[in-house]
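Scrolling down, you'll hit the structures one after another.
In the two complexes below, chain A is the common chain; its partner is chain B in one and chain C in the other.
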Partner chain A sequence: MSAGTDVPVSAGTEARSRGERRAPPSSSVRPDPPGLAATVAALLRKELLVELRTLESVPGMSLFAVTTFVVFHFALNRNSVEGDLASGILWVTLLFAAILGVNRLFVADAEEGGFDGFLLAPVDRSAMFVSKALALLAYLVVLELVAVPAFSLLLLGPSLGQALPGLLAVLALGDIGVAVIGTLVAALAVRTRARDLLGALLALPLLVPVVIGGARATAPLFSLTHATGPAVRWLLTLGLYDLVFGLIAFALFDFLLED
Partner chain B sequence: MTALLLEGLARHFGEREALGDVSLSLGEGQTLVVFGPNGAGKSTLLRVLATLLRPHAGQVRVLGSELPQEAWAVRGRIGLLGHEPLLYRQLSARENLRFHARLHGVGETRVEELLAAVAMTDRSSEAVRTLSRGMLQRVAVARAVLHDPELLLLDEPYANLDPAAVELVRPLIGATSGHTRVICSHDPSGGLAEADVVLGLRAGRVALVAAAHDVQPDAIAELYR
Partner chain C sequence: MQSSSRHPAGSPHTKPRRGGDFGSYGRGLPALSIATVVVITVTLALVFFYAPLEAEQGFLQKIFYVHVPLAIIALCGFVLGGVFGAVHLRTRDSRWDMRSYVAIHMSLIFAVAALITGSIWAKGSWGHWWVWSEPTLVSFLIVFLLYATYQPLRFAIEDPERQARYASVFAITAGAFVPMNFIAVRLSTAYLHPRVLGSTSNLPPRMAFTFLMSLFGMALLFATLCKYELTAKHARAQLRALRRQADARAGAHSSAGWAGGAQRRRPRSAAPTQLPATRMSARAAGRPGS
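Now for the complex of A and B:
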């Protein structure tokens, strides 16, 4: 038969008589595809399991943050910092530590065929965005469990105890922003050859407003006058930024996975 | 019922044509074997059929659904066994299969059944990075058929498998499995024995398409010259 010619549907039926065939798989008994929550749970579980086995993200992020505080401690030649300076050091350090995690976020999926395995499943693709953002959020929380006490010990002048409730609120909003934007950027960068560089280059400008909002909201907490709470205006700004980027990322993510 | 219908399928990577003007049809339960030298477009064809690559021209109908518009309708009905096993290296065979089972809404008993079927129960708790290539291929076969797909897309499925392992996986992906199959192969005699329909590709173009009983092994060998 010539090139490009259709082969009739019946072609080759003789060959089928070579062996017994069982009944073909039937779509009528096909299992129901999992919903969004079940898919997110499966993906998140896999994500945390891979990180627990490889320890490629969280230890590196934490070590980077602690080392940076040590460097600041000696470079500034001061035993303690407070106010704007303290707040700025904390947030810039957390930002750069977070970039390390962002760059690793999709590497296992890209290198080990996880994308294809996921794309072949009959599931909502947004589940990957949600699970990756939740995983990054978990990494950031662990990072801060290490980094904030280290910062308090190495650099912070005022007591951390009084600032802690307000700081937790600011960190939570900042972490959500970093997780959402970081996941979006990581998904964009991972399929390029220069993904480590591109991830950082794309993430930094988008995360600058998070750092500004986080640092401004935190500064009153680290002041020697012991302000009672974080700057509400900046908390609201952070919350709005998180919301806007959360919606943008959720809407765009499916297209990033497309060929 | 027609399981696959291709009319003038084309796919490019930048300026390079990976597939051009590919047309054929395949009935439900039949096996299409694709031959061709390296770079002929075999793997690209499988990825288009798997909905992982979009066709750039022509009509592609898989299991009654038009691609790429209705790709969502066929995901979950396709099993892909490509060059990559699609397994996370740090996870065990059981963890990988359970992960894929959850994505397909399949119960965990199916995972244990398949681990036993590919004789991997004993090594199922070890990270897959520690397994030999043959063992990895057996786990990959289990992953590909986990959700009992209607269409199996197999890229050199018996690569890295010893004869005993081939016999193990044959009931899952062989002619007796009942699946409609598209197989990429470099083995003229083995491929022809599996085929109902033969497609020969050269530089992304159709060089041969015919019912298997009309094709001689020499015609396949000619594709590689």
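Now for the complex of A and C:
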């Protein structure tokens, strides 16, 4: 695991950059801890830096997605797909690729002491949830930058151009839901035995509404006639899901960190 | 139901010990069990002899009085498990975690029964064992698949305290997922089947009364089974604590060190039945000469 060398280094850099603001432990007068936004920014920077240096998640997720399209080509024996079949293939592929990233999300923190380092810092614990969810969101965006053009090139029958604005809206809403649920599930599963299995088992049923909303909203975009845009009710469903589970995960995440 | 205070030892489990705050589990259990049996018997009589035969489906429709209450109680039990989990996270009282566990465990069993009866009903009335166009059935399956991971998650965590916390977080998330999932699945399905049996509002009064009775009976059954499981877990924990105490007295070890060491040595201490055992043994160890 190549993360082993990098995580403590970047975490150490983080601690040093905040070091001057932190009082020595013996002092009774503490300076104000950094605010939520500053903490989130610092943690997010650390996440992206670690990912850039180790390249553990995103390249694997992207490669998985492209390979899955090839597998679908042979499994379905179709040279091009359209309509709800196309939308289903895209969403299933993105979902499974996202689960790869979810399973890796907290592994470095659990194995290399990232949790301990974070808990020792005098900062709001929700910052970890927000930064991890944002990092996962960034991974998903990069994944889709690779997977959607590849899908259009390899399998999609109708051209992507007209569908793009609607698709971007649906993908954005779907990604938020996946990021929120993925972060919560990753934190639940990471300190268990068989965490890879549990992460996928927990995430899949929880993400079924996202798949329903995403796939149903995308299907008309991929139809040969380009009849309609995404139905508003699906976008609303996705938005409601994101909101509800965003709040729940934000509220519950602290309880997963207490030890 | 709770009126058996005349019999302080309502259940033999609680008789030998004053279990402190755990002692009240078995109380009222016989009365509750009898009430459940009576209500369910009366309900079955109503189902077969009082409720009219449905015009289209005939006798097959009687499964409605089993299937729908099972499903409703299972969903309520799942949500209840989430509520108990929230109370546990607020109070840090492991009894609430145990209640949450038992509620979800029982609901899982009810959910299996609901899926099986639903499948039978679907086969009888629509000719297929599984019907994707029935949103309630599909949402129910998704909810069931989610809750089926509760126990694998729970028992994959070693530390009892963390196990309780993580299980509560899961219970709350999944409890909120139940209504969200129903909204999403119902939206996704066109209403192919008229939902004549979906609510009590358009049922004939005799059917509605029978349905409400069977719902009540099923709720009583759920409560009784939960109480049985809680009492059994409690009795097992007490037994374990007593045995440990006896062992500690037999051996020349200091009892506190032994109890702690035994807890740590056991890999299976992940089971929630152990939670009160830890507390009981700690308390027993701290009580001199009892």
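The rule is short, and it goes like this: the second predicted complex is superposed on the first by the 227 of 259 C-alpha atoms of A that agree within 3 Å, B and C clash if a C-alpha of one lies under 4 Å from a C-alpha of the other, contacts with A are read in each partner's own complex, and residues count from 1 in each chain.
We adopt the following convention: a contact is a pair of C-beta atoms (placed from the backbone, for glycine too) under 8 Å apart; a residue touches a chain by one contact, two chains touch by 3 or more.
Everything numeric here is computed off the predicted structure, so don't read it as measured data.
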Practice task
Have a look at where A:Arg233 lands relative to chain B and chain C in the superposition and call it first, second, both or neither.
Solution key: second
Practice task
For A:Thr67, select first, second, both or neither according to whether it touches chain B, chain C, the two together, or no partner.
Solution key: neither
Exercise for the section: Check the residue A:Ser159 against both partner chains and state whether it touches chain B (first), chain C (second), both, or neither. Expected result: neither
Completion exercise
Between chain B and chain C, more residues of chain A are touched by B
Exercise for the section: Examine A:Pro205 and indicate which partner it touches, taking first as chain B and second as chain C; both and neither are also allowed. Expected result: second
Practice task
Determine, under the contact definition given at the top, whether A:Leu119 touches first (chain B), second (chain C), both, or neither.
Solution key: first
Practice task
Would you check which partner chain A:Ala42 touches, where first means chain B only, second means chain C only, and both and neither mean what they say?
Solution key: first
Practice task
Touching chain B in one complex and chain C in the other: list those residues of chain A.
Solution key: 258-259
Practice task
Show which residues of chain A lie in contact with chain C when the two form their complex.
Solution key: 184, 188-189, 191-195, 197-198, 201-202, 204-206, 208-209, 212-213, 216, 233-234, 237, 240-241, 244-245, 248-249, 252, 255-256, 258-259
Completion exercise
Contacts from chain A onto chain B in the complex sit at residues 1, 3-16, 18-25, 27, 30-34, 38-39, 41-43, 45-46, 49-50, 53-54, 108, 112-114, 116-123, 258-259
Completion exercise
The answer for chain B against chain A in the complex is residues 2, 21-31, 50-54, 72, 75-78, 80, 82, 84-91, 95, 99-100, 102-107, 127, 143, 147-150, 174-180, 193, 195-197, 205-214
Fill in the blank from the handout: Interface with chain A, chain C side, in the complex: residues 89, 142-143, 145-146, 149, 152-153, 156-159, 161-162, 165-166, 168-170, 172-174, 176-177, 180-181, 183-185, 187-188
